[in-house]
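Below you'll find the structures, each written out as structure tokens.
Two complexes, one shared chain (chain A), two partners (chain B, chain C).
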Partner chain A sequence: MALAELVQYVATGLLVGGVYALMSIGLALIFGVMRVVNFAQGDFMMLGMYLTYFYAISGSIDPLLGALLTIPPFFVLGWIVHRGLLARVTGGGDPQRQMDAQLVLTLGLSLVITNATTMILTPTPLGIRTGYATQAFALGPVLLNQARSYAFAMALVLAAAVYVFLTRTDLGKALRASADDPEAASYQGIDVRAMHGLAFGIGIALVAAAGGLLATYYPIEPTVAGNFIVLMFVAVVLGGLGSIPGAFVGGLVIGLVQSLTLLVLPFQLQNTGVFIVFLLVLYLRPQGLFGRRARTV
Partner chain B sequence: MASRTRGWLAIAAVVATGLLLTFAVQERYHHRVLTLVFLWAAMGLAWNIISGYAGQISFGHQVFFGIGAYVTVLLVVKAGLTPWVGMVVAVGVAVLAAVLIGIPTFRLAGIYFGLATLAYPLIFRIVMDWLGYQEVAIPMKREQPGWFMQFNEPRSFDLLALGVLAATLALSRVIETSRLGYRLRAIRENEQAAEAMGVDSFRCKMAAYMLSAAPAAVVGAVYIHAILFIVTPEAVFGLLVISQTLVVSLVGGAGTLWGPLIGAALMVPVSEILDTTVGDRLPGIQGVVYGAALMLIMLYAPEGLYWRVRQAVRSRAGRGGEAARSVIVAPPADEAVASVATQTVLLQVRGVSKAFIGLQALSDVSFDVREREILGVIGPNGAGKTTLFNVLNGFLIPDRGEVRFLGQPVTGLRPSMLCARGVGRTFQVVRTFPHLTVLENVMVGAFARDAAVSRAGAAAMAALARVALADRAEAFPGGLTTLELRLMELARCLATAPRLVLLDEPLAGLSADGIDVMIAMIRRVRAGGVTVVIIEHTMQALLRLADRLIVLDQGRRLAEGAPGQVTQDPGVIEAYLGKRWLARLAAR
Partner chain C sequence: MRPLSRTLIVVLALALVAPALFIRPAPAAEDVKIALVAPLSGRWARQGQLKKMGAEMAIEEINSQGGIRALGGAKIVLREGDAGDSVEKAVSAAQRLLTREKISAGIGSWLSSFTLGVTEVAERLQVPWLSLSYADSITERGFKYTFQTSPVSSLQAEQALELVTDVARRNNRPIKKAAIVGDNTAATVFFFKPLREKLLAAKGIELVVDEVWTPPLADATAIVQKLRSTQPDIMFYGGTNFPDSIQVLQKIKEFGVKTPIQGVGAWLVTPEYVKTVGKELLDNIQTVVAAHPLKGQEDLVKKFVQRTGEPFMTQDPLCTYAHVWLIKEAIEQAKSADPKAIRDALAKIDLSSGPATSAFYPARVKFDERGRRVGAAPLIVQWQGGEPFTVVPAAVATRPLAWH
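Entry: the complex of A and B
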């Protein structure tokens, strides 16, 4: 096989992986701070795609800008969902059961969002036409799709912004403190419940923005969540549940694995490579590539 | 046992009601709803075996449903094999799949297990697509419809589905009332405590997983013949199958065979009626209703309707006031023989070391435990006492060194295996099975020696009587005092018929009277021929109780000997009271 072909597959994988990385850090942030596995994450991504579509159709806003404009409304939506639903099953009781309860709650939410969207917006796939979706940058023999390249760049910028927020601002530090030890954080005067709302809001906003970026080159339909939620889970587990840099790397790895699987397996089996990596990581290193194993007796 | 026959009678009543409905209903559509209720109830019950009783929430249980459907239909299509036989093959394949999935997946705990189970149906979906089985229709067999499960009469499908439900109910009932059922619930409530009480959690979970795969495969096979007629990967491995399973089980209540039954009887007709009345205008209404049901139940009654109603009925019935509880007093001291330790070495600890990241918890600890002695292990907080116990009962594998029990090396054995050999233990913070009664808690221990429920019950009752807790047998641990909890844990440990018990701070949190009771109980345990190793950090109590003391400090064995001798040891005084105290003592 020619080296150029391999480089082409790696480049394509990384470009797609950048958007996976952005959606996965949203999920990782929610898990890291709240210990909630959010099953509905893919559905918020789907809603982000639709909002970007409506921006493009009704306001002729370019989807790359539209993706950014999904952030404020989805932050608010995430905050409301946290207050109205998740916060009601948080606190007290056996942590394992509470985690199961929250997971089932978000699974229910996911079913409602997917099916309600189907009811209201019909299952017909939609697409946003952009000039750059069919164009490519040529780096020597390697071709980089322009839509994917822009989406990748924006995903990197947003991920970097989240990183700076978490490590450099007081609010970000408070957020991380409540992730590490909610009890100690609350003794320091940090409102842990507000931090959970903040984390959920940011997590949802990030995945909606990632959806907007994805909409530049991926068809928009109500059931699109199903294709991505598992990829997000895999990326987050790969990086170590709750680790944000881990989820970012995990997302890139998923893109790469998907792309490189095509070298050896037919197209329909593209995701088997991902699931095999997922199961291998779970069996061999359940704490993920970046996580640390903690166990108490 | 009266409750035993009552359970079977209730199942018989359910089946009779099902039969009555089957013959009362006339319209084809109503038959369809009835078939669906029976099948989803059975599917919920199948899921309930691994996820309800054992608490291992599986988000991929449709994998067995799909295997049942695909194997049966492919055998008809490719080999002309009747589904009645094909179903049996499908069950075999599903159980095999459960073993292959279970072996790696049960190494994962909690949320990791749930996430891993998500992946399996997805892999099957992709592989079925790739193999070219995107749509497999059941071939029409007009000559022998019954032989190929293609009844014209919809009532026949009702009866078939009811038969599947009845069998699954019976299976659930047998599991619920057997040793396996108790052990599964113990694993759900506290896996480590269950392991320490002789429950091999891996084997129990595996048994439950295989038992829950079999009915799921049968339901899948029947569902295809009664409802779908065409198998597609999405229809049998898709998210809607597991959603429906979760809905009926969780709305009704997991962990009881009545839960999925109630859930299916409520939810299936509602969603079917909505689907036929508004389904063509609002495609997806079923999904919305299921999703909303899951959300509402998690918000308002996460334990499910069955448990919620039962709790309400109980608290109304129990309002008459609690039965007077007798005060536990120390048993007479006549059994407290001074020292009966023999010279036989029961447990040998040699050069045991254990480090955690950056912390040497134990370094080169060696000592012997002699049969029928009470050996106290003392040391300041962080001395490595609990780590030592965790090594001795198999929770931790030491980095170096060896433990021998009755002359046999036991290093690296699982806690359940050590329990089987006669090592029992209690925990620093009492570990109960909160949703089991006191008697059932102790029975989990008794099952280590006897598989029969009635005999284990009798043994548990005897163990409770030994610690003067017999009158609390039907209470739940949540209603017990600290002393009663400690005594219950002691009884549970004794019910495993141990030769050696490891008691981790059994006096912590007790009043002065409570300490007297506990000390008398421990003496009584030893008088019964059981060797006792006890951790405490209060020197006072141990001086009264122990024959010998071992002092640990910063992971090392600092001193060993008779209590009087150890307390004179300058090293011990320094570790406990500091250098200044030692100097003052010397100056005196």
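Entry: the complex of A and C
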């Protein structure tokens, strides 16, 4: 195999993985701080895609900018969903029961969002036509899709911003403290419930932004979440449950493995490679690539 | 207000409203119920929606023209079942629908894989079932209640290959190398199989790319890169899942691949393609379908467009429209709404005019002992200026074929 072809596979894999990475860190943040497995994460991504579409249609806003503009409303939406629904089933009480309740809640939320969107916005797929979706940057013989390259760059910037927020600001530290030990954090005067709302808001906003970036080259339909949700969970577990850098690397690894699998396996088995790597990681390093035994963000 | 009493009020309010949500107006005693099991949610929901539009248009026409004469003007009512996005869901929807009330006949379920499952239920419960699905296996199981109006996949493959090699030769660009690109859903599999196993070799065509994926497709780069490096003269294409297909087409443009595309199925000629990738990218892409508006059907199409707001009519509403009319004709002949009697009428039916034959080419409905429509032949539809037109056979074409 020519070196250029190998480079093309690696580059394609990383570009695809970039958006998986951004999708996954929101999920990891929510799990890391709240211990909530959010099955509706992909559906919020889908809503982010629709909002980006409406920005593009009604305000002629470029979807790359539109993706950023999804962040404030989805942060608020996340906050409201947490206050109105999730806060009622998390915090206090029997930990096992709590787990059951939130699983059913987020799964139910996912079904409601998908079906309500199908009813209200119809199942007809929509698409934002951008010039860069069908153009490539040529690096010698290697072609990098422009839409995916921009999406990748923005995913990196957003992930870095989240990382800086968590590690360098007081609010970020309070968030991590709530994740590490909610009880001790509350003794220090941290409002853990508010921190959970914050984490959920940020988690939802990030996945909505990832949806916006995805919408630059991927059609929008109410069921689009189904194409990504399993990969998001794999990325989060692969990286170490709840670890933000872990989820980011997990997302990249999935993209890369999907692409490189094609060198040895037929297309139909593309995701087999992903799950083989996933099982290997779980076997050799059960806490995930970046996981610690203690809770971490 | 105390929380308990507030909860109580909410519960009471729900209890008052709930029945209205679940109870549908009961049909008059003599109504004939027909089932439509199609994907109304999930990734193929759009196709189900299109089928429903066709069914509703036919039912409205029939009922407004006095219903079923043989049953004293009985009206037809539609019962929908959501096939969702998996065979299991399709099967359970059919099961629920056919056991809950008396259904005279059924239609569905778009994707061949779904139809294979749903027709098993219909066979067991002895309800005649009409399908537009292509897979050969649908009518290879010796079922008595399954009727397939479309030409089967393998036949479509044969005829599509005949056509493209002929056109290419006449345009002095003979086909020497071919590519097969698509997903592994049933109709696509049955279309590709004969090409791969015998048809291409028989014409001396070399198969240079053979890439089949399981939806959803993560990225199309690897496929299109192979197309770019091997430069086939034709690409046989079956990407039934819309996002997958869009990714392939976008990548083809990005990589500057000029290979002519011959698709399999009506999924490639839906309006959303124009909105998502633009008409320039679609121009000259052609696909083999079981039905598409033909010359002389302008009024039908116009009516559909006015009714639904869709920009044009395609196979899915067209076939479902004809299926409803066909069931109506069968009931007229059987003079009964009993499923078994309707099955027998369908097995004997021989129509060559009227709305029941409108969607089909050639316009004759007669089924052989397997339940396949006798003489069913595929059409070729081609994108031209943002709209798909029937281009082959020439006798019923609405536009001449443009070759690349």
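Rule of thumb we're sticking to: the second predicted complex is superposed on the first by the 285 of 297 C-alpha atoms of A that agree within 3 Å, B and C clash if a C-alpha of one lies under 4 Å from a C-alpha of the other, contacts with A are read in each partner's own complex, and residues count from 1 in each chain.
Operating definition for what follows: a residue touches a chain if its C-beta (ideal position, glycine included) is under 8 Å from a C-beta of that chain, and two chains touch if they have at least 3 such contacts.
Bear in mind the structure is a predicted one, so any value in this text is a computation, not a measurement.
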Combined model on chain A where chain B meets chain C, clash or fit: clash
Contacts of A:Pro72 with chain B and chain C, given as first, second, both or neither: neither
Touching partner for A:Gly108 - first (chain B), second (chain C), both, neither: first
Which superposed partner A:Gln8 touches (first chain B, second chain C, both, neither): second
Partner chain(s) touched by A:Gln258 [first = chain B, second = chain C, both, neither]: second
Chain B versus chain C as contact partner of A:Gly127, first or second or both or neither: second
Contacts of A:Gly59 with chain B and chain C, given as first, second, both or neither: neither
Which superposed partner A:Pro219 touches (first chain B, second chain C, both, neither): second
Contacts of A:Gln135 with chain B and chain C, given as first, second, both or neither: second
Stretch in clash, chain B with chain C, out of 60-68, 114-122, 132-140 or 510-518: 132-140
Footprint overlap on chain A, where chain B in one structure and chain C in the other make contact: 114-115, 118, 123, 222, 226, 266, 268, 271
Chain C residues touching chain A - in the complex, by the definition given at the top: 40-43, 45-46, 48-49, 85, 184, 211-214, 216, 218-219, 221-223, 225, 242-243, 246-247, 250-251, 253-255, 272, 275-278, 281
Contact footprint of chain C on chain A as seen in their complex: 5, 8-9, 12, 16, 114-115, 118, 122-127, 129, 133-136, 143, 145, 217-219, 221-224, 226-227, 255, 258-259, 262, 266-268, 270-271
Of chain B, residues touching chain A in the complex: 55, 57, 59, 104-105, 107-108, 110-112, 114-116, 118-119, 122-123, 126-127, 129-130, 192, 239, 243, 246, 250, 282-288, 290-295, 298-299, 302, 386, 390, 395-396
Touch list for chain A against partner chain B, complex: 37, 85, 88-89, 96-97, 99-105, 107-116, 118-119, 123, 222, 226, 230, 233, 237, 241, 266, 268-269, 271-272, 275, 278-279, 282-283, 286, 297
